[in-house]
Amino acid sequence: MEITKEQLLKAYREMRTIREFEERIHVEFATGDIPGFVHLYAGEEAIAVGVCLHLDENDKIASTHRGHGHCIAKGCDVHGMMAEIYGKKNGLCAGKGGSMHIANLEVGMMGANGIVGGGPPLACGAALAAKKLGTKGVAVVFVGDGGSNQGTTLESLNLASIWQLPCVFVVENNGYAEATSSKYSVAGTDIAERAKGFDMPGVTVDGHDFCAVYDAAEEAIGRAREGGGPTLIECKVNRYFGHFEGDAQTYRGPDEVKNLRENRDCIENLARSLTSSSLVTPEDLAKIDEEVKALIEDAVAKAKAAAEPGVEDLETDVYSEY
Amino acid sequence: MARKITFQQAIREALAQEMERDESVILMGEDVAGGSGTDGEMDAWGGPLGITKGLWSKFGDRVMDTPISESAFVGAAIGAATAGLRPVAELMFIDFMGVCFDQIFNQAAKFRYMFGGRAVTPVVIRTMFGAGLRAAAQHSQCLYPIFTHIPGLKCVVPSTPYDAKGLLIQAIRDDDPVIFCEHKALYQTEGDVPEESYTLPFGEANYVREGDDVTVVALGRMVHMASEAADELANDGIECEIIDLRTTSPLDEETVLESVEKTGRLLVVDEASPRCNMATDISALVAQHAFGDLKAPIKMVTPPHTPVPFSPVLEDRYIPDSGRVATAVREVMAYKA
Amino acid sequence: MARKITFQQAIREALAQEMERDESVILMGEDVAGGSGTDGEMDAWGGPLGITKGLWSKFGDRVMDTPISESAFVGAAIGAATAGLRPVAELMFIDFMGVCFDQIFNQAAKFRYMFGGRAVTPVVIRTMFGAGLRAAAQHSQCLYPIFTHIPGLKCVVPSTPYDAKGLLIQAIRDDDPVIFCEHKALYQTEGDVPEESYTLPFGEANYVREGDDVTVVALGRMVHMASEAADELANDGIECEIIDLRTTSPLDEETVLESVEKTGRLLVVDEASPRCNMATDISALVAQHAFGDLKAPIKMVTPPHTPVPFSPVLEDRYIPDSGRVATAVREVMAYKA
Amino acid sequence: MEITKEQLLKAYREMRTIREFEERIHVEFATGDIPGFVHLYAGEEAIAVGVCLHLDENDKIASTHRGHGHCIAKGCDVHGMMAEIYGKKNGLCAGKGGSMHIANLEVGMMGANGIVGGGPPLACGAALAAKKLGTKGVAVVFVGDGGSNQGTTLESLNLASIWQLPCVFVVENNGYAEATSSKYSVAGTDIAERAKGFDMPGVTVDGHDFCAVYDAAEEAIGRAREGGGPTLIECKVNRYFGHFEGDAQTYRGPDEVKNLRENRDCIENLARSLTSSSLVTPEDLAKIDEEVKALIEDAVAKAKAAAEPGVEDLETDVYSEY
C-alpha cells in the first residue's frame, strides 16, 4: 500500500472521530434526548474511511440508514451532523431530515437513505452525470448485505456495467440485516460473486482491515476514474451496536460482540500497525484521541443548546417554486 | 370474555387464532420471526416493534423471515394465495410500498378482473403507517389513499384494539387482497377485546359517538383526536357525531350520508397528505349525495402538503391534533349562510 | 409562426428545442432511440409509439436506450439531476410506476425537504397514460392522482398540442421533479403550435370555454369529452364554462373557485378511478371554499371502480364520454333545492 | 434423451399448434379485427413445449406478455384463447383480459403478464405453496432477456435459492427487448451466469433445439420436484415476428429473420430428426399439420362469430365480495 504518514494519521483521526461520534450518541440516546431511529456505524469505520480517502469534493457518495460514518468520511461537518441528529434548526438539514437523511451535496454527500437499496440507482445517476459532464468524478454507493438483495441494487449493477459508469459499489456485509443473518438471507457465500453475473469485477476484503479496504478502493476508484467502469467491493465486517439504538441483539451469539471488539477492532488494528511500524508514536495517537473527544464533546454540547426549528419552517423547502 | 389488551396484542392474537384455525395461513416478512440464520436467539424480534414476537415459537416455519426483497416476497405471498395458501405478508412500513407496488396493484388487485372472475387472491398485507415517532419523511406516511384508489384492493385502517382484531381476522378470511394499515402510534393503546375469535365486516363504519350538531368522519389515529375534541366541545354544548370509517375500501357511504342528513354539517379528519386523500373522497361523496342537507361548508382537517418533518417541534405541528379539530368544528358551527 | 402539428410532434419539438438550448438536458428510457446494440437501424423506434423518433439522430448519445430496469434508470435520472444534468426519463406507460415508485416519491420528491432546502432535483418523468387503445388493465390506467397526492412532486396533464409543448418546456426548465402525463389517445390529435420555443406556467388552468350556467372542470382527454358535450348543450341553451386544469400539482384553485362563484354549479370529469381521484379533490375544494355559491349538488363523472377492461365494448363503456358528461350537466341544471 | 414416440409426436403437434396459432393471428391482426397489443411467440415454440411436457396440472407456470405459446403448452384451450384475443365473452377471461392477460388457473397457467418481471415473484409463491402444502408441484416462470434486467426477477432468484423453492426460471433470450439488443442491455454474455451469483445452477441451451430444452428442463424440474431447489435455464432463441404486431423490425439485420426461418427453425429441426430417425414418416407429420390447421381455422371462425361481452359485465369480477 502506498500512503503517506499524513494520510494514515488522517485516516486514524477520521476513524476515531466516527467511533467517538457513535459511542457518544449511543450514550446520549439512552438519555432520551435524541429523537427517532438511529443506526450506529461503530466497528465499520475502516470501510467509510478507507474508501473516501480516495475521493475529492468532485466525487459523490450515496449512503444508507447507517450513514454517520460515510458522512464524516466524506467531509460533512460534525457539528452540523450532531445538530441534525438532535433535530435542531442549525442542523445540516435544518432539522427536517434527522439521522436517516443527513446530506450535504456541496461536499458530494448525496444523502443517507431510509430506504434499503435507495442509493444505488442514485449513485448510477451521479456517475452518469460525471461521465456526461466530463468531470472525471466518481460515484461510490454503500450498500449492506441486506441491501444486496434489493432489486434496485441488482438492477443498478447491470446498468452501471452496460453503461460502464464510474461507479463503485461498496457492500458492507456486517452479517446482519436487522435480526436476520446474511447466512439466511443472502444466497451464496460472497456477495462479490453477484458482480460477475453482471460482467463486473467483484472483490471481497476484510472490512476490519483499513489497508485492505484502502487498496481495493484505490484500484476500483482509479479504474472508474480512468473510464474502466464499475467495481463491486464486498467488505466483510461487523457492527458493534444493535441494528438501531434500543435493539437488545439477543439474536447474536454470546460474547460475539465482545470478542469482536477485543480481537477484530479496525481502529486498534490500524493503531497497532502504525505504532509497530514506528511511523507514529502512541503519544501521537493519544493526542488525536483527545482532540477528537473534545470535538465530539463540543458538538454534543452545542447541539443540545441549539435552537429548535420554528413552526414557520414546517411548510418551507417542499418545492423550489410552487 | 373481554379484557384489556393493547392494539399490538390484538394484532398478534388475531394472527395466532387464525393460524390455529387454518393451516393454510402463513406469515412472511422481514424479521417477523427474527434471528433466522444467527447464532443467537430465534424469534428474537417479531418485526422491529415486536408485533409478531412469539408466533415463530408457536408456529415454527409457518412464520418466515424474508430477505429485503419486498417485490419478491410480497409477490410470493400473492402467488401463493392463488395456489392454496392464505398468506399474511408484512410490509414493515407502508412507506416501502414503492419498491413492491406493482405486485400489489397490477398483479393481486387485477387478477380476478383480468381473468374474468376465475381467480381468488386471499392475501393480506399488514403494514405500519403514520407519523408521531420522529421517523421522518420515509417512515411516517399514511398512503392509504393510494391503495383506496386502486380497484380490486380492499383497505382497512383500524383505530382500536377491538377493531384491529376483528378486522384482521376478517381480512385473513377474505378472498380478496387486503391492505391492512396499522398506525404505529396506536400499538401501545389499550382497549377491551374478547378472548375468543370474532370478525368485523368490511364496509361498516363505527359510530364512535352520537351527536346532532356536526358529523366528524375520521379514521385510524385521527378518530382519537376527534374524540378528544368532541369531549372538549361537549362542554360548550356542541355535540359531535364521530364516524370511524374502519375500512376505506369498501366504504360505508350510507352511514356517512345518513349522519350528515341528520347533522347538516361535515368535518373530515385525515392524517394523509391533503391532495386526493380520504378527506377529499368523503367530502366529494357528501357534496354530491347529501348537498341538500348541508347547512355549512364541508371542512377538512389534514396535515399540510409537505413531507413529514423529523424535528419533533415540526412533526407535532404537522399532525392534526384535537385542538385543530375543535377549532374546525367551531368554524363549521359558526357558519351563517 | 404557428402551424398545425400533432400532440406527439409537439412533445418531440419541445424535447428537441430544449436539448438544442441546454446541453445538460438528456433523454433516457426504453427504446427512446431504439436499435441500440442491434445489426439493423439505430433510432428505429423512438419508444413504442415513435414519440422520440429522430432525436437520437439529432443528439446522438444524449438520447439513451435503457434496460428494463425502471428503478435503476429512473433513479439514475434523479441522481443525475442532483449532480448537474436535467434528465428527461421516459416511463413508457404510467402503469409501470409500481416497479420504480420509490425512487420517485421517497427520493426525488423528498430530497429538498429532507435536506432542509439544500437540494434541487430538476428531473422530468414523461409517461403515457389513459384508456382507449384496448391495452387492458395494466396499460391503460391514469394514476396521476397518486402523483398529485405526493408532496414534492409536480404533475402535468396536458390536453392539447399547444399546452403539451409549452408545459413540457416549462417542466424541463423547472427545478423540481415533474411527472409529465401524456394521454396516449391524444398523440395524433392536431392543434396550432408556434414554431418558436415558449413556456406555459404551472398552476394556471385554461378557460377552454366561457359560460354562465355550469362549471365543468376536466383534464387530459376528458377536456375534449367536455367540449363535445358543451357544444351539444349549447344548442339547448345550456352554457358550460370548461376549465382545463393543465397541472394537478400545483393546482389553480382560484380559477376553479372564481368560476363556481359565477356559475354556482360544478361538474368534474376525471378519467382516473373514482376513489381519491382528481374529481374528489376538486369537489372537496369547492365544497369547502365555495359552498355559499353552490346552487346544486356537485357532480362527478368518472369510470367505475374497476380495472380497465380489454373488450372494446366494455372499454368504450368504461371511459367517460361526452354523452355521460351532457347527461350529468342536465342533471345538475335540473336540480331544484 | 429418453422420450417416447407418443411424447415426441405430442411435442410436434403442440409446437405446430403454437406456430399455426401465431402465424394465423399475424394474418388476422393485419385485417384490424384483433384489438390491442399482440406479441407473437413464433420461433420460440421448442422452449414452451420442451419445458411444459415435464409438467402436470399440479404444476404451475407464470408467463409473460408473449404468452400464447406458454398457454398452449400448459394446456389452455385454444378456442378459449382465440376468443379471448378477440375480446369475446366466451374467452378464457370473459374478454376482460385479452392477449396480455390470458390465464387459466385450473390448468396451472397463472397468467400472461403485461408487466415485464411480473411473473418471477408469483412463481416463487406458487412454488412456496407447493412446498408448504406438500403437493410435489413445481413452478416454472418464463422471462425474457429484457426481463432478466428487472429487479423483481433478480430478487426472485435470491428468494428461490435461500428458500430452496421448487421453482425453475426459464430465460427466453431472443436477443431483443423490443428494439433494444440484449448485447446492449444485458451485461455479460450468458444470463445463466447470474444464477451462480445466487448460488443457483444456471445452464445455457439452444432454444431452437427441442431436445436440448427438453433435457435441461427434465433435469431442472426433476431436481426441483425432489427438493433440490431452483435452476435457471437460459434458452438462446429468436423471434420471427416483430416485438408486437405492427413492428417493422428495421432494427434487425437484413435477412436476419429469413435466415433464421430457413436454417434454425425449431419445428423443422424436430421434424427432420423425427423422420430421419425414421421414428415417424413425413406423412404422420403432414397429417398432424392438417389437423392443426383445421383446429386453428375453427378457433378463428368461432372466435369471430362469438358474442361480445355485455355492458352488464363491466362492473362484475372486481371482488369476490364487496
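Letters A, B, C and D mark the chains in the order given here, with residues in each chain numbered from 1 onward.
Keep in mind that, in the parts below, a contact is a pair of C-beta atoms (placed from the backbone, for glycine too) under 8 Å apart; a residue touches a chain by one contact, two chains touch by 3 or more.
Since the model is a prediction, treat every value here as computed from it, not as a measurement.
Considering every other chain in turn, the ones in contact with both chain C and chain D prove to be A, B. Centroids built from CA atoms put chain B at 36 Å from chain A.
Inter-chain centre distance (chain B to chain D, centres taken as mean C-alpha positions): 40 Å. Spacing of chain A relative to chain D, judged by their CA centroids, is 45 angstrom. Taking each chain's centre as the average of its CA atoms, chain B and chain C sit 30 Å apart.
Counting only residues that touch two or more partner chains, chain B has 66-67, 69, 71-72, 95-96, 98-99, 102-103, 106, 113-114, 136-138, 151-152, 304-307, 309-310.
In chain D, the residues touching two or more other chains are 93, 95-97, 101, 113-115, 149-152, 155, 158, 162, 184-186, 318. The touch graph of the protein chains shown is complete. Taken together, the chain B residues at the contact with chain D in this complex read 24, 26, 62, 64, 66-67, 69, 71-85, 87, 102-103, 106-107, 111-120, 151-152, 154, 174-176, 203, 250. On chain B, the positions that touch chain A within their shared complex are 30-31, 34-42, 44-45, 48, 65-69, 71-72, 95-96, 98-99, 133-139, 304-307, 309-314, 317-318. The residues of chain D lying in touch with chain A in their complex are 149-152, 154-155, 157-158, 161-162, 184-189, 193-200.
Those residues of chain B that touch chain C in the shared complex are 71, 95-106, 109-110, 113-114, 136-138, 145-146, 148-152, 248-249, 251, 272-273, 275-281, 283-289, 291-292, 294, 296-300, 304-307, 309-310, 337. By the touch rule above, chain A contacts chain C in their complex via residues 60, 62, 91-97, 101, 103-106, 110-111, 113-115, 118, 120-126, 128-130, 132-133, 135, 139, 151-152, 155-156, 158-159, 162-163, 316-322.
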